[in-house]
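Below are two complexes that have chain A in common, paired first with chain B and then with chain C.
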Partner chain A sequence: MFKLLEGPQTLGRGKIFWSCFLAVLAGALTYPLFADSYDVGNFAYFLIWIFMALGLCLMWGYGGMLSFGQTLFFGIAGYGYGVLAINMGGGTATIAALVLSVVLAMLAAGILGYFMIWGGINGIFFGIVTLSATLVLAFFLGQTAGPEWHIGPARLNGFNGMKGMDPLTVGDFYIEGSALYYTMIALIVIVYLALRMLVNSGIGNVIVATRENPQRAEMLGYDVRKYQLLTFVIGSGLAGLSGALYTSWGQFITPSSIGLPAAAMPIVWVAFSGRNDLTATLVGSFLLLFGFQTITVYSQQAALVLMGALLLATVMLAPQGFVLGIGKLAADWWGGRRRRDDGAVAEEAGRLQPEES
Partner chain B sequence: MALVEVKGVSKRFGGLTAVSDVDLTVDAGEVHCLIGPNGAGKSTLFKLIVGLYPPTQGSILFDTVDITAERPYARVQRGMSIKMQAPSVFKELPVRQNIQIALQERLSGAERITEEDRLLTLLNLGPDSEKLAGALSHGQQQWLEIGMALALKPQLLLLDEPTAGMSPEETFKTGELIKSFNAEGMTVLVVEHDMAFVRQVAQRVTVLHLGKIFARGNLENILQDEKVAEIYLGKTHAH
Partner chain C sequence: MSAEVFSVFYQFADVFAFLILSAAGLAIVFGMMGVINMAHGEFIMCGAYVTVGLVNLGVPLAIAQMLAALTAGLIGVLVEFLVVRRFYKRPLDSLLATWGLSLIVTQSMLLIVGSAVRGIGTPEGSFAIGGYSFSTYRLVLFGCAVAVLGGLYIIFMKTRFGVIARATMQNAAMAKALGARTGRIYAISFGIGTGLAGLCGALYAPTMTLIPTMGATFVVESFVTVVIGGANVLLGTAPAAVFLAMIRMALNASYGQIIGQIGMLVAVILIIRVLPEGLSSVLVRRGR
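Coming up: the complex of A and B.
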């Protein structure tokens, strides 16, 4: 099973790659020992969004489905967590609320995806329909300011957003600060490795085959609609995980975290990073989120303009993504160096052979 | 015994009738060629059999089961395998992975790798197995697609102009390949323009003209049919 961690669908293999992976992981695990709690909390916040980026990478980069609806499922799970956590009374029930809200997002993705995929919607229309659904949800939630809009004791609160839910809690222990950070790291490692195994498996083969040529994939006996729906549900579920964690982190959620500017962000992260590779998406999204947050402290408008400029630069200069491009260059350079070294060793070995051999 | 039965099938696109009331039987174990001039409806009939178009009327049976309403993947799961007219491979994936995707439902582990190697060698694609499929020549892409179709080990192999863009040597070799698989019991239905290739492989021939069955029988009889010569072959071929 672990053989699937490496394969044709993922960049990075061998001892050097996994040593780097472990080094980065060790750095991430020891970071809270050296940083102050404010920075650790900020890092946990960046990491929350990574799941949404990885989900879009799976759908768009591997499955060929450009979904503009990541914040739709982010919002469904985010609000779902809030409603469930408040109604279930907080405490350890928040863990159940987290799981159920992600399931809710996946269920919604299953229903929307079924109608889109079985209805033959693909290409640019897939993006248009998912964006429309996203905007409808954001608009609807903005209209829920009145007291009549509540589910049990949980009020939706219109544009002001929903608040009052507990953070993730186990017994009396709130998962915040460093605990939340470590939870994020653990979840990212699990999700990243699981996605690597998925895309390098037989199912992953069919997912990329469907992206390349859905008719040919069907002519090999695969019901490509089922694979597309599976990809859409998993990718949307990951967006939902981000949403539920976001609500838990801040103990609030507003419709603005679903609307158009928010919906465009995952596309920028994944396009800039390199949509065809999970590692590139993971690294690139983190760097962008870090940069965006740093600039936002000084000027939110400047940060948004920079994101737009980055998207344009990606489209014009590196359509496959900057981080992926750099990764491939590094891999080619390393491979070339090893081939040269191997050639030199073979030449040397040949020179040392006795004449008669 | 009939493996495929096309019964009274018609296909209309608006006011155009591409295929009109066609009856066709492909017997198990034969190489059956579907020929006809441009616009005769060969490719439309092919797409009706593989399930890319639903017929306007009529029915299609595979191994006595009515498959008229089934999607292509379900027909493939029943034992059909298809190679389309234009090379239709996964261009951004390596050659070996193309074969692997075709094989993975049937074989796994070392058995699958052995079969991948066998097919790549058979198709002369061994040295190019790590190249992207899109980097292959047109003829090599045709072979790769034939390899993907063969990887399914089908009862019925459906080939739409399998030699388009191939050199005469490649065409001949493709014919020999098809004959060898037929000798092992595989039924083959081929849509083809190239008469030399048809002569090489066909056991039975059906001629389509203006969407209707015009003639059928063994190749020698077809070649001697004056009307077929007039509409398609040219009289010089007939004599």
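Coming up: the complex of A and C.
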């Protein structure tokens, strides 16, 4: 099973890559020991969004489905967590609220995905239908300010957002600060490795084959719709995980984290990073989130202008993504050196390249 | 009795006009080039701001609105030349590029103009039928929507440009081989599309608050209309707008705007399950 951690669908293999991976992980694990708690909390905040980015990377980069609806499922699970956590009372029940809210997002994705995928919606329309659904949810939540909009004791509160839910709790122990940070790191490592295994498994190969040529995959005997739906549900579920963690982290959520411009952010992260590789998305999204947050302190509008400019620059200059491009350059340079040494790196050429989409 | 009938028609006309005016520009660009202009809402916003700016300078409303549409059209031609042109072979990337543009424009406007701009107020004028009072301007909007459809019919069916444009739409390579300047056709079509977006903003500018993010109010309606309408503006967008307007009107009247919007979205999601290529695919097939 662990053999699947490396394979044709993911960049990075061998001792060097995994040593780097362990070094970064060790750095991340020791970080709270010397950083102050404010920075640790901020870091945990960046990490929240990584799941949403990895989910989009799976759908778009591997599955060829460009979903603009990541924040739709982020919002469903985010609000879901809030409503459930308030209704079920705090304490250990918040863990159940987290799980249930992600399941809720996946159910919603299953329903929406069924209609779109079985209807045979193509690339562009997939994006705008998901975006329409996202915006409608944001508009709907925006007008729920009145006291009549409540689910049990949980008030939705319109644009001001829902608040008052407990953060993730085990018994009497609030998962906050560095405990939350370590939880995030653990979740990211699990999700990242699990996604690597998924895309390198048989299922992952079918997903990629569908991206390359849906008809060909169908002729080979696969019901591509099922694989697309699976990809969509997993990717949207990861967005939901981000949403539930976000609500738990700040103990509030507003419609503005669903509508525009929030809906564009996952697209920018993944496009800039390189949608065809999980590792590139992980690294690139983290860097962008870090940069974005640094600029937002001074001016949110300026940060968003920069994000728009990055998106435009990416598609015009490096359609495969900047981080992936730089990573490949480094790998080529390294591979070239090794080839001079022992002349044995031909497997890289076997990596499936996406056809012009 | 006639007052009730007219009232229903009035509500229908209001929604229909909104759908047609907000979707026509998007549908033309999609129909011609297969590209969805994600900055559509920003061209609408541009039309609205230019209108209000000119009216505040003392220009009469109708002239200001025409100038606003023209401005949006010219900016559209420029954007086509600088950005969109590179992406006709990569339609998905064109969405990303125009979305990037949309972010840049909206947020820059927020930085430069700020959120508050003095509005101009809906033109006065109302008339009464039976016990009901109706705003004249809303009917003017309906008239404009019908005029836009009529104008597009004339441009695309009766002029030389229309013949060449339809040829380009059907088979760009063949049209080019026969001497059509497809690049120029694309630029003009994109300009017409963004000009119509500008017109939409110009027409609705007196009725709403001007904020840089106002484009978002229009995008859902324009997206869903184009999704069900499909690639043909006249045979797709117009029937789609009639259909959606009826659903929306019925729900608006009984449950309010937001339920109307949700109902419209649900209808669209149900329809794409059976008609993924939109109404125009059915109508065009019937026509042959």
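In the analysis below, the second predicted complex is superposed on the first by the 342 of 357 C-alpha atoms of A that agree within 3 Å, B and C clash if a C-alpha of one lies under 4 Å from a C-alpha of the other, contacts with A are read in each partner's own complex, and residues count from 1 in each chain.
Rule of thumb we're sticking to: a contact is a pair of C-beta atoms (placed from the backbone, for glycine too) under 8 Å apart; a residue touches a chain by one contact, two chains touch by 3 or more.
Model, not experiment: these values are computed from the prediction.
Tell me which partner A:304 touches in the superposition: chain B (first), chain C (second), both or neither.
Touch status of A:304: second partner only.
For A:221, using the defined touch cut-off, is the partner it touches chain B, chain C, both, or neither? Pick first, second, both or neither.
The first partner, chain B, only.
Go through the superposed model and pick first if A:186 touches only chain B, second if only chain C, both, or neither.
So A:186 meets neither chain B nor chain C here.
With both complexes superposed on chain A, which partner does A:208 reach: first (chain B), second (chain C), both or neither?
first
For A:8, select first, second, both or neither according to whether it touches chain B, chain C, the two together, or no partner.
Touch partner of A:8: chain B, not chain C.
Which partner reaches more residues of chain A, chain B or chain C?
Of the two chains, more chain A residues are contacted by C.
Sort out for me which residues of chain C touch chain A in the complex.
Residue positions touching the partner: 34, 36, 83, 86-87, 89-93, 95-97, 99-104, 106-108, 110-111, 213, 216, 219-220, 223-224, 226-227, 258, 261-262, 265, 268-270, 272-276.
Chain C touches which residues of chain A in the complex?
66, 112, 115-116, 118-125, 127-129, 131-133, 135-136, 139-140, 143, 259-261, 264, 267-268, 271, 299, 301-302, 304-305, 307-316, 319, 356-357
Write out the stretch or stretches of chain A touching chain B in their complex.
8, 202, 205-206, 208-209, 212-213, 215-224
For chain B, which residues count as touching chain A in their complex?
That would be residues 50, 52, 71-74, 76-77, 81-82, 84, 88-94, 97, 100-102, 104-105, 148, 152 of chain B.
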